[in-house]
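One chain, chain A, appears in both complexes that follow, with chain B as partner in the first and chain C in the second.
Up next is the complex of A and B:
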């Protein structure tokens, strides 16, 4: 039974991925067939030169031929060339991956403080702590990260000068090793804090309502009746059961880490996936968008799969027996 | 537990102080660096691949050319070649290189490099070279003498502004596929060469000690890529960067009044136009009314160009109605007063009325003289343009006033290119930026550039052409006397203004700003009207000198003075205060210490609460 659950989930994830590959390809081709003319407008190129560019960007032949070539490329791990930078899409993405993981990963981890706060608030529903935490979370949750980012940048970077205005390193810096890491940390603090502020409310609110739901369960009364201390009831009986919604939220959010944070990365000129996405959209740079969408979809699908499997482990009822 | 927390606090504090140390180190004894903020990354440092403004700036810094262009007026001045001679038939040019030229890596730069670059770029049709080298053949007479023969008379010669590449680096990649070369070698002959690049973030150019004019006075120039215009302006104000290219127009006015910051509105001949479908190519389904020049003129007179400059460009542009064919204003003619199509909606209405375009059914929109269809035009605009929306609202409003209706569609650049090629439009708004020589821009509106087959689209997006214009084009293309050529071009542009289906809306500008407290020697190209960096050859890089470097600007060999043979006039500098870079360390320490204390305190409180909970 268990095995069937796992296989089912894995197959589901794979078929979603295949669908994404196909959809991805045709979506962009429907919008736009041949970007070469506009890309090299006013360049005085000969038909020969244009032809060569079409071959390079896989724009030759019918849609079907292009699709076959695309899938063959994909199986070789090749995502083609970016129209804008003429560099391999895989190179551009892999360069942007680390800054994004650093930024969004750090802020997601910081934001998980929200889970602890949410549990406490939910456990002591109606207390001053709950009221304060809930209203604060609603406030930060509803503030657009773009706005928080601009304010933070204006105050802490531009006016006070405590932090750099943007970037991952000091531009042109030749630092290496630990000094380079510290320089990156200095650049990281502001954008990571902004993102964490934007994320924390979501965790807090989900964790709080999960805890409130759980706290009404009869088995908690039973535990108390057995004479367990309140802290033990919370720790061993309430929290594990309030974990499920939080786990799925976290897993999905971890998938989205790789999609970067377009708004915050743009404000802070952070060279990550979000910034690359913004660049690609403004092009529009189709091979790049195609590659980014594929990578982001794959990450979210994998994270969902992980969440499903973890769910099955945490709550055996889901996996069946 | 408490002890462990104490340890954590100490560790955080240590980390904080290390952070402060690095901040200190970066402001200490470092090379003199000019930092430039821009909103564009390099696409490729490879000159046979890249097409962006950022790339050209890199190549202008890294590769010297045989002949250079004067900063003031683009006139032809010596570059790698110190002199040249033309044969009597104007087809053969002999260039003499300076003695002892060297690449930045110390290798000698000889006639061989020049010949290899010209001939190989022609054979392999390199993207940025082939327009110039297509008809040329070069031979090396000796190490310092190059003979270039052109197959057809070419008024652009003896200007040889192609980037000469180091053969010893490029020969190998050119033997297979030159476009796949990463070009991070950083070997060049210009004032600066590429040292390093972090894609998506920044690139660094270092001074070339072997530059033929001498080593520049700034050690390195760092280009920093921003993705948010206001953040870039904030970095200029805080002194993190020294120069901003493409200041967002909404921030530009505020910067003008900022102390210690100078602003530049640099014209490069770039313009925006309302193009109407003249149907000369024969493809598509353009509105028949637009083949009547009276309707085209009525449209032109309905448009208030001054209002567009004031309200769309927020003043950063020029009300010029003729085609921009070069950043050099000498090519722009004065249109005689009686031919000018100035804003006059009443005259526009009268012109339509007189030619039979009347509103007979009273719906506010005029009809064709035979009543067959409304004067309602399809108006196409670009999606990825800040000016498209405001332009469209104003223009369609003005057209409505004279009884012309519009239906608006929005396209991205690729789609609009296709729409134009297929001829399935009535009007669209787009723009061009010309080269220094007017020939390419002029060539776009010849009959040869009409699109008659969608598969091989031409550049003529006016979809208009005339025999008279073509004849003048051929003449200017072979006229070797500059005065006469200027006159021919003026005739062409006047003809284009009065007869074509193109209404030039305005000439736009590069908005730039720089700090006045760090560097001096900014040069506008062309003089008074051009930008200071990102111009055609960007002469500023060689003349810039640090203000507080002791004598940088008083050096008599520096081009800081006018008329030193480079045709350079330096922008007069307002006095600026010296920058104060290192004042933030204390604040950073305080913040970090504060943060560390807060974290530790927070953890302690949580801990003690939990301990109390456990006892409940």
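Up next is the complex of A and C:
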């Protein structure tokens, strides 16, 4: 890969991150310029107490001074304090990180089944398999993920009792080791499948149209002319080339699945980033929301950068030699 | 122009799925419009539902049962359609207006203005859409207009990109050069040549943006960011979940709003795709 390509992509990602920081500051300090006052209105705080809260939440001085202080704080890895629990935002986020990685990671893996289905559908465009797969993916695309979650809970947890109604583990569970992991897996299956169902359609549609584009290429005719069997042509010549659009989609989808986790986690009481976001909305707990937004955006920006670089690596035409 | 419209319509009318979708959409829009005539908003005000049974399953009196306050679920879904459809359509309009303005400006004028606008568009494309909408909605006042604004301000970038690329291709065509050579000004070029050629694309992208706006509206109100004084499909689902409809097995409370969302979103998506295919022949082979 050309060095210019890599540097360009990295700088682009950095500029997006800077934009998010400015946007974040603008939202929580300019649009909503005094969160302390609006939150503690009518609670009879003494001026002294208000003063201390202002200092704690970094609301002193002009907007410019506040912005400089905010950036300095960020660079120190400090995201301020939650208004609700008074704990550092970074602590709350780091506790919630692992459950979300587990959930989003598992759902992404399950949703990637869509790639396989999409390839098959695109290869045999117009077949019954294609028609079924396409209409199924349109259907799942139209369902809000939280509603799929409610229906799944109602059927598989409340009525049939196959799965627990929520949480990461059974409440007050004393299991350890392998049993604890199995219990966690039991709790994970339902929310992970729900998220996967909501996003499997996008994988399928993109993989399908990538396959259709590839199937028109001359090199497939060449491969056939060489006498390769249809299955070989698909596996070794079509599929690898249809991978590219799927790579860029994966980054976009990562953002969607992470966003979808907000509502799904709160339905399944899954103690992750999404549930924390839902908690912070109901407060509203502004420092928490600000920190979560920054964190989620940074994760998505990184995923996009990774996908861009991977794309450049897989397709040298993009990155230059 | 007129002939184009009628031939496009004929092609659309031969698409069975598109016609079913259109029928579903019209049915929902009619429901949203007539609801205030066939019922009163006071019928689902908890103050007036004290005598109704609570958590009643569907019966002849309450076709879709009642909720924890004895309010009819059917009526809530009907009133909810008004907010969900209105916000979906209004937010789409805002999205398309911003996206078209940015796209035409960037594509037609080019240069550093284009560079800045596209940088801005890229930022908005990369940062995740729903979390942005959530933080925006949470610092603003809770109202229907906030939701419209929030969806519009977060979802214009893909329209802007689409419009820009179309403008770039139209701008370099011969008849535009000819018009310019004959002394046409910028305003004239945009109005007479660029805009009419971008319009079909804008129409298809509008129909495809509506389902996304509706889904976003329901998600935001499900998360409690909607107007607390209005009923929307998302807010019904939010209340159903909070009051434990799922664990109680009160399927009549959480199934109807969800099915309504799926039907409307699916119908808009299918109709939009059919429209796109009719307007853009290159897609027809798909």
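What to note about this one:
To be clear about the criterion, the second predicted complex is superposed on the first by the 304 of 321 C-alpha atoms of A that agree within 3 Å, B and C clash if a C-alpha of one lies under 4 Å from a C-alpha of the other, contacts with A are read in each partner's own complex, and residues count from 1 in each chain.
Here is the rule we go by: a contact is a pair of C-beta atoms (placed from the backbone, for glycine too) under 8 Å apart; a residue touches a chain by one contact, two chains touch by 3 or more.
Every value quoted in this text rests on a predicted model; they were computed, and no experiment measured them.
After superposition onto chain A, the partners chain B and chain C occupy overlapping space and clash.
By the touch criterion defined above, A:86 lies against chain B but remains apart from chain C after alignment on the C-alpha atoms of chain A.
In the superposition on chain A, contact of A:183 is made with chain B only, not with chain C.
In the superposed three-chain model, the partner touching more residues of chain A is B, compared with the other of chain B and chain C. By the document's definition of touching, of the two partners only chain C reaches A:293; chain B does not. When the shared chain is aligned, chain B and chain C each come close enough to touch A:267.
In the superposition on chain A, A:282 contacts both chain B and chain C. In the superposition on chain A, A:28 makes contact with chain C only, not with chain B.
Once chain A of one complex is fitted onto chain A of the other, the partner contacts of A:209 are limited to chain C, with no touch recorded for chain B. With both structures placed on the common chain, the touch criterion links A:165 to chain B and to chain C. Of the two partner chains, chain C is the only one touched by A:147; chain B is not. Shared interface residues of chain A (contacting chain B in one complex, chain C in the other): 31-32, 150, 153-154, 158-159, 165, 266-267, 278, 282, 284. Within the complex formed with chain C, the residues of chain A that make contact are 12-13, 15-16, 19-20, 23-24, 27-28, 31-32, 125, 138-139, 141-144, 146-147, 150-151, 153-154, 158-159, 165, 209, 212, 255-256, 258-260, 262-263, 266-267, 277-278, 281-282, 284, 286, 289-290, 292-293, 296-297, 300-301, 304.
In the complex of the two chains, the chain A residues touching chain B come out as 31-35, 37-49, 56, 84-87, 92, 95-96, 150, 153-154, 157-162, 164-173, 175, 178-179, 182-183, 185-186, 229-231, 234, 265-269, 271, 275-276, 278-279, 282, 284.
Chain C makes touch with chain A in their complex at residues 119, 122-123, 126-132, 134-136, 138-140, 211, 215, 218-219, 222-225, 234, 237, 240-241, 246-249, 251, 254-255, 257-258, 261-262, 265-266, 269-270, 286. Chain B contributes residues 15, 18-19, 22-23, 25-26, 33, 35, 41-44, 46, 49-51, 125, 127, 130-131, 179, 196, 198-202, 204, 220, 222-228, 230-232, 234-235, 237-238, 240-241, 384, 412-418, 421, 432-433, 440, 444, 456-457, 459, 584, 587-588, 591, 610, 613-614, 616 to its touches with chain A in the complex.
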